[in-house]
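Right after this note come the structures.
In the two assemblies presented below, chain A is common to both, partnered first by chain B and then by chain C.
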Partner chain A sequence: MSGVVRAEVSRRALARARRRVAWGDALGRLRRDRLALAGLAVLVLVALMALFAPWLVDDAGLDAVDSLDNPTWARPGGDFLLGTDHLGRSVAAQFVYGARVSLFVGLAATVLTVAIGTIVGIFAGFSGRWVDATLMRLTDWFLVIPFLPLAIVLASVLGRGIWNIVFVISVTSWPATARLVRAQVLTVKERLYVDRARALGASRAHVVRRHVLPNVTPLILASATLAVPISILTETTLAFLGLGDPTQPSWGKTLEEAFQAGAIGRNAWWYYLPAGLGIVTVVLAFTVFGRALEEILDPRLRER
Partner chain B sequence: MRPRVVVGKVVGAISTLAFVVVVNFFLFRIVNDDPVESMFRGRNLTAEQKERLRQQFDLDGSRFEQFVAYVRELLSGNLGVSLQSRRPVATEIAEALWPTIALVGTATTLSMAIGIWIGIRAGWRRRSRFDVGSTTFSMFTYSVPDFWLAMLALGLFSVQLGVFPTGGIEDAGSTATGLALLLDQLHHMALPCLVLAVAYIGEYAIVMRSSMLDTVREDYLQLARAKGLRDVEVRRRHAVRNAVLPVVNLSALNFGFVLSGAIAVESIFSWPGLGQATLEAIRGPDFPMLQGLFLLFSAAVILANLVADLLAGVLDPRVGGR
Partner chain C sequence: MSEHDAPIVSLRDVHVRFGRGASVRAVDGVDLEVRRGEVLALVGESGCGKTTLIRSIIGLEPVASGSIEVDGHAVTRDARSLRRLRRRVQMIFQDPTGALDPRHTIHEAVAEGLRIHRVPGDEAALVADALARAGLRPPERYVRRFPHELSGGQRQRVLIAAAMALDPAVLLADEPVASLDASIRGEVLALMRSFVDDHGVSIVAVTHDLGLAWNIADRVAVMYLGRIVEVGPTEEVLAAPQHPYTRALLSVVPETRRLEQQILHGETPDPSRIPAGCRFHPRCPVVASGEAARLGIEARCRGEDPTLTERAPGHTAACHL
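On to the complex of A and B.
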């Protein structure tokens, strides 16, 4: 953006135009990354499947009571596209509905993680030495404590429920975001334009809103995209260990039930193959897309 | 590394451990305010009997007194009594410790060696066929839940092909001793070990590769080549030596996860280790057992972090100055 800025262009319009150029540049880079686009396409497809689950499959296939007349351990094909499980429930219905829980937990946990991390990070970055030191000590503690055992302990203590899983994942994974945001706050805080804003009487809230947040948003966005697959994998593992929501079908719960019902010994591969493939596909898609996003939004990584 | 830095790190590790102990005590008390009540749920106990049990389990007195008693017992090695087996938690954990160390320790070492080898080759010849292939493989293993991989391996190798046993640490009712027993146990360990190794390789390969990519551009490699050294020599003696530092750090960290890293996989192969003990404790729920396991898992990771930090200072003089 060079050239003479004419007086009639408002500053806000200028900022907006500059932002539009930056985002347009990012979008252009994304469009040229075929792998990232493939990842995005997969994610859109899975999201549509989860959204339109009731139209795709009959949810009666989820309930053991409604499935009493169905054959148990039926192979794929015929009435059941992916066969049935040990209770006669449709594996296809479980798969489609399972996508809902996996995606929901992955996204909700990430949003909460980012929210906690951002608040702690900004607070630490702006507060005095003691508050900052205390918060960072706490962050360090949480970073070191092994993630899965803590999640297991929390989930066993809190009980089984979808919101508890979301809570457990966010409580155990916010420190990384907090550190990222704090580091960014510390560098932005010292910039000249922030000094200038302060000198003009800007409040702390104004500095956070107009200067800090716009600077950290791209970084947060990229790290959040990469946090989603980790959240999904954690939900899956917790569900497999019997700590998931007992009332909702999820891919992890399907795997747990398949294992407990002896699907491996019976060679009922159709029971545990789809859910696992679903997890791998979604996690891979998020990872590929998130890495591309990170590379685009963080210029330091671009040379690789 | 300066002594002051070392002391600082040790104090930091101890403070983390103290935090874990506090969390471990109060977390379980939030929901489980009166363990005696939940331990003997549904049984009619007289007030007198309850009082006696509370005394027996150090549950009389204020919350703070209970905490002090907990810490005192902890320091003397008493982790409480398992609700399921009614045996000391410490004994239960000690029995499950070695199978886990044998299985996950072997898998970690194996994947480290293979992962580093893959990372070196991939990073040295960037965008080569080997690089593209191995990076795809790494990304894939990184995305697979390890327990699902275990289910697939069990279904394929043990059920369909019958080459490996379906679980446990030795044949049921086996009376073998000595070498025969060892071979039998290795046979049982092979498949879970393989699954874990495959699941872990990706991380090492990715980190080693990206570290190699950073090193490849360094001037001293140019100099080494200008001296007329062969490519292999440049790679081994100049590139790898520097590039391996972050991976050494990662490895030290990962050894902390040996104890808690295979919770789900162990239970699939009914491997009698800490993972299966954790799953059984979840099923109970057996809170004293969970408390003990969480403490052990955290302590292992905290120790590994400390070792990794100190090691980094020893191996890389640039770190020690901090």
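On to the complex of A and C.
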């Protein structure tokens, strides 16, 4: 009895040790990829900034009423690191708090998109013809929903809020993920190693867990790291069109307000440049890191 | 017949069909027995149904009609009996590269079957032992590697190790050396032979190469267009082939040049249009040369499907000749 238990324990310990080694390998490879490391560093920095926003800047700088005494269109430097906008609000405060909303919307929409897309894709790829056909018909319907009209309708029906933006982005982008995942499941399903697993006595659940999911995950991760920047850009677009959450500062909303206030005409670059650069930098960082991640997760792409 | 003499695998009138309306008769009425502790070579041209036949033995292809028994248990679609079957029977594939999941280490590839069947014991030790027995020594050098870091021969050894780790009664090998360099084929075949001699496993080795059969098989079964047309002890089948198709196959093997070389004419066989009568008659040299007519059997060749009949003890052929 105790022998069995000990064997069980040592087996689990072994598996854990192996996993640790695999993770160590992955980290080692990442450490050698300069560009990916830079991307990761940027992401960590922005995430920290978003996380510790209240400690970094005074959120009174966001509020027009609290900012009544401030100078408007103040240039950077002096009392205000990044200057002030047309209402005298701190651009730095808007930038730091805006990172919060942009990152949150980007990540939340991606998680939702990837979760729905993966579940539907795996189900469709692994079920019989009937379920597959029904699910694919469903994705077709969602694929043809025009994005902007839906966003406008939802904004007017549900009100303009962060979650509505997350919802709009997810509802319109999960079908693409679902199709991608389904296609990959269909090809993995036909691989000889799946036949071998079945010949070894593997159940369908085992095949999905040990072969299909691991071989689909890199694709899911890659599509997720690309979905984050797309979601951030989408949030920017919606906010720029005035469909964003009016109570939350986001980079997109800053751009919209700068544009409306005529910052470009006044050449008030300090108003719109931080938000614009923030978006470009985060989007690039995600893309670079996503590429590297894909490579690290695929043993065939590694050189030895 | 004593328990020991009972065949480990027996197939009775097995049919496997593919395509629209099951029009492709890939396996079309196979009767075959595999004895305990023997190497049976299954030979025939590419496309004659060899792979499909052995896949049906392990339940990877559903049988349209007929029956397959392994060790007295019928092969069915039932999940529990399939699982039991897939411990007693193991298969290695023609393409070792495709048969290994590129994301699994060699350890995981070999341990997969042990985990599925919850084989008791220390997994690492069992894997190391299996690798060593398959000639991958020292095993520690391989366990953490990925398939793409190994050579083709090493990958096939990994698959053999994974299959033999479960201590099967039957090993189905689909062209086990076809994808390997000629220089290492002999070693892999010798390895398989050693499992028969040392552990009493039975092997069905599919090949389109009679030379390979000559090297390791105890018995040879010749397959043509979904049917077994000749079975017998290796020396007998190769030295005294009874079926004109076997003779034609043999005549192009370099080692057996003493037979007059026969190139088969006629269209390549198509399992969706199996000829009436003897399925070989459109290409049969005996029919084409007029010998069948002289012997007065040509009408039967064209109209009557021959069954396997005994030509010598343990040596059968399906021919009207």
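One rule holds for everything that comes next: the second predicted complex is superposed on the first by the 219 of 304 C-alpha atoms of A that agree within 3 Å, B and C clash if a C-alpha of one lies under 4 Å from a C-alpha of the other, contacts with A are read in each partner's own complex, and residues count from 1 in each chain.
The rule is short, and it goes like this: a contact is a pair of C-beta atoms (placed from the backbone, for glycine too) under 8 Å apart; a residue touches a chain by one contact, two chains touch by 3 or more.
Everything numeric here is computed off the predicted structure, so don't read it as measured data.
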{"item": "Partner chain in contact with A:157 - chain B first, chain C second, else both or neither", "value": "first"}
{"item": "Chain B versus chain C as contact partner of A:288, first or second or both or neither", "value": "first"}
{"item": "Touching partner for A:255 - first (chain B), second (chain C), both, neither", "value": "first"}
{"item": "Chain B versus chain C as contact partner of A:198, first or second or both or neither", "value": "second"}
{"item": "Partner chain(s) touched by A:233 [first = chain B, second = chain C, both, neither]", "value": "first"}
{"item": "Touched partner set for A:215, first chain B, second chain C, both or neither", "value": "second"}
{"item": "When both partners are placed on the shared chain, which of chain B and chain C touches more of chain A", "value": "B"}
{"item": "Partner chain in contact with A:206 - chain B first, chain C second, else both or neither", "value": "second"}
{"item": "Chain A residues contacted in one complex by chain B, in the other by chain C", "value": "304"}
{"item": "Partner chain C, residues of chain A touching it in the complex", "value": "4, 7, 10-11, 14, 18, 21, 191-193, 195-203, 206, 210-211, 214-215, 298-300, 304"}
{"item": "Residue ranges of chain C touching chain A (in the complex, touch as defined)", "value": "58, 60, 79, 82-83, 86-87, 90-91, 93, 95, 98-105, 107, 112-113, 116-117, 120-124, 144, 146, 148-149, 159, 162, 166"}
{"item": "Chain B - residues contacting chain A, complex", "value": "12, 15-16, 19-20, 23-24, 27-28, 30-32, 139-140, 142-145, 147-148, 151-152, 154-155, 159-160, 166, 210, 213, 256-257, 260, 263-264, 267-268, 278-279, 282-283, 285, 287, 290-291, 293-294, 297-298, 300-302, 305"}
{"item": "Chain B contact footprint on chain A (complex, rising order)", "value": "137, 140-141, 144-146, 148-150, 152-154, 156-159, 229, 233, 236-237, 240-243, 252, 255, 258-259, 264-265, 267, 269, 272-273, 275-276, 279-280, 283-284, 287-288, 304"}
